[in-house]
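Input: one structure, supplied below.
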């Protein structure tokens, strides 16, 4: 079974040289720590930056330089600032090659819910709806089950949707799954996790074909 | 009767301090030469400049600095460059307080034709359609009649339209006219020109109420 | 000669009345017009405001100050998660909230300023955001029709500005400021450094002065940080 | 490591094929990608092109070179008045021309790059431009629905660029270049000065490198002037 850093490490293997990538808050942010050597990835922060760098040292902290999670950050050489409409122009325009974000629920049709629990959590969707409506390549990074032990990979999302038919891949603490033709297709098992365990933790339709390899991290 | 410079001088009297103004090619361009003292007007050139200055000296000529008429120009202190979509954003957004442009025909409903003579002149509308569709305050600067002596102030435009119900004022070599409620309303006569002469040169509905003053330039 | 320069925030907000719609720049607390917000908070008789702002400040800074005073009737935002008083007022029904996706919100402001009354966007298709909105398909993909936004006053914060209203923003403090500046019937800019025309390079200006009606230099910006994340100097 | 830098215009235009749609920046001859246009003119086997460009060059420079070679099947432009060969081909029916208002053309490119498939604009309402287009009224004013534009290749010219594709334009040579750069499936940038990442101030970049796929430094720019208007030095 993977921890959060393990999930981030596995997702980092998906990165390709030259890609522009948007990493959501939470586990997705950790992906930046595991970018493979020799791979040049440019991080987009939807509040108006291409070329996000690591957190600043105490001396470098600048209140005018934050990421979409409102954390103080730095820039890399070749970075660019732009306004919010220009930022989402490049997102909707499909120029960001990979979006990684968290979710409360994902279903076998690729629908995702991650912005609202009616009567309970009303923080808002931020840029998530724009991101999922625009990207061709969206990976959801999340735990396979919620704190109550219920599966987050469903036949049909129960919470208000963030986007429909948009998720292509899910990486959880238990598995790597593709979302295709109305089903979750098991591609890789987390170390030490059996296909049976994954099946038990998945409420939506799961396709297990042949021998499923264990992932290498 | 006014010459082209006279028309420009009369239009310059319409300028108000602090206005942003777009001047079309031809007579409108001349308006810039007669801006009254104490009036600070910022000229917008729709190819991407606010704060257009006079023509350059031979030493100042810069191929990268032209106006919408493709003429080399200069800038004034406080000028700004922007791209074409941003330029027409401010035009359509109604931020340009006065637009002055030429016309082949204007009619009593405020329609204007100035971009096409079917089978003959096919240069295109450039930015004229955007300007007339957007501005609240549009003055047409033109000769009252064409080279054949025919009126250019019509009941209904005969050429393909540039815009509808948009012209509020016309300044010609003979008169200043408002366009309102389906008629040209004579406001001022050019020096030495009688209301009768203006009536004869106007094909559209002309309203002459009371004594029409001669303009002062 | 026409003069856009006003003395301070108190003078800048003259004319803002109860019931008006305001746009306020900023993302989180970054790039917010903190001087004008403080000046509005000092005028609690101005209320029933509709505030279009990506976020709603924190309890004791930014728009949180106006919320505490009950000056805001309605918020149009994309994310409002960092403000307890906000959540309390919303859940109790005192405050109306219209959640709008961040990119749609930015594009609505830009469109409002650009004379575009409506546009199609893929964002929100199939979600509750799309309820009641026209759907149309282009090249096999579904889009919803969104209408643009304008405001009685837009209030923005810039790094540098000149007396003609030209503005330059700094780093990610740019965010919503330029698009909101476009969409105000009256636009107020507060800046850290106010200079004379000609001191800003015309090639480097982010917001042309044509959009700005009033401008002033604010003093002693607090620029509060929400998430101070640092690494060790050796890291 | 991913590399966007190509050696020259000949290499930059690799992959452009007959029948494709190109966007070309520039206003008149100002800010046109003159190196790539010359390289295309040297490949007369590439034809039946649809060229989206505000103007069509002059007889012996800019897009006029491609017209002379009969490489262009269709032009999408707002103003085409300075080119005799253009007028001849259009009136004879050899060349198809779609005249589009300048602001609509710019907005169509920006929208295409921004994932907005269509928008309402007041421009052209009541004229032949509106024929066949949907009309809708907002706040008592009439608007027409315009669809966005994209292209197989967008070719732009910038003043400075870095190897990551970030671009800065100079003065009014900016014009259509940034919005077309957004709307190409592949975007080529030719620049006067190519520098390393970090040499351009991130606050001053007009086109983020995310939009640029190929970049090269052109030598000996001609930058021809259409209307050389001067005043005497004392004037």
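Annotations
For clarity, chains are labelled A, B, C and D in written order, and residue numbers in each chain start from 1.
Note that contacts are C-beta pairs under 8 Å (C-beta built on N, C-alpha and C of every residue); 3 or more make two chains touch, one makes a residue touch a chain.
If you're wondering where the values come from, they're calculated on a predicted model, not measured in any experiment.
Common neighbours of chain B and chain C, listed by label, are D. Using CA-based centroids throughout, the chain positioned farthest away from chain C is B. By number of C-beta pairs in contact, A-C leads when A-D and A-C are compared. With each centre defined as the average position of its C-alpha atoms, the distance from chain A to chain D rounds to 36 Å.
Inter-chain centre distance (chain C to chain D, centres taken as mean C-alpha positions): 33 Å. With each centre defined as the average position of its C-alpha atoms, the distance from chain B to chain D rounds to 28 Å.
Annotation for chain C: residues touching 2 or more other chains are 107, 110, 114-116, 121-122, 169-171, 202-203. Among all residues of chain B, those that touch two or more other chains are 75, 81-82, 85, 88-89, 91-92, 134.
Chain pairs recorded as touching, per the definition above, are A-C, A-D, B-C, B-D, C-D. Across the interface of their complex, chain C is touched by residues 45-49, 54-59, 61-67, 69-73, 75, 81-85, 87-89, 91-92, 111, 122-130, 133-134, 160-165 of chain A. Within the complex formed with chain A, the chain C residues making contact are 27-31, 54, 77-82, 87, 90-91, 97, 99, 101-107, 109-110, 121-129, 159, 169-179, 206, 223-233, 235.
Chain C meets chain D in the complex at residues 107, 111, 114-122, 136, 138-139, 141, 143, 147, 168-171, 202-204. Residues 1-2, 110, 112-116, 162-164, 166, 182, 196-198, 200, 202-203, 205, 208-211 of chain D touch chain A in their complex. Against chain D, the residues of chain A that register as touching in their complex are 17-18, 20, 38, 40, 42, 44, 50-51, 75-82, 85-86, 88-96, 134.
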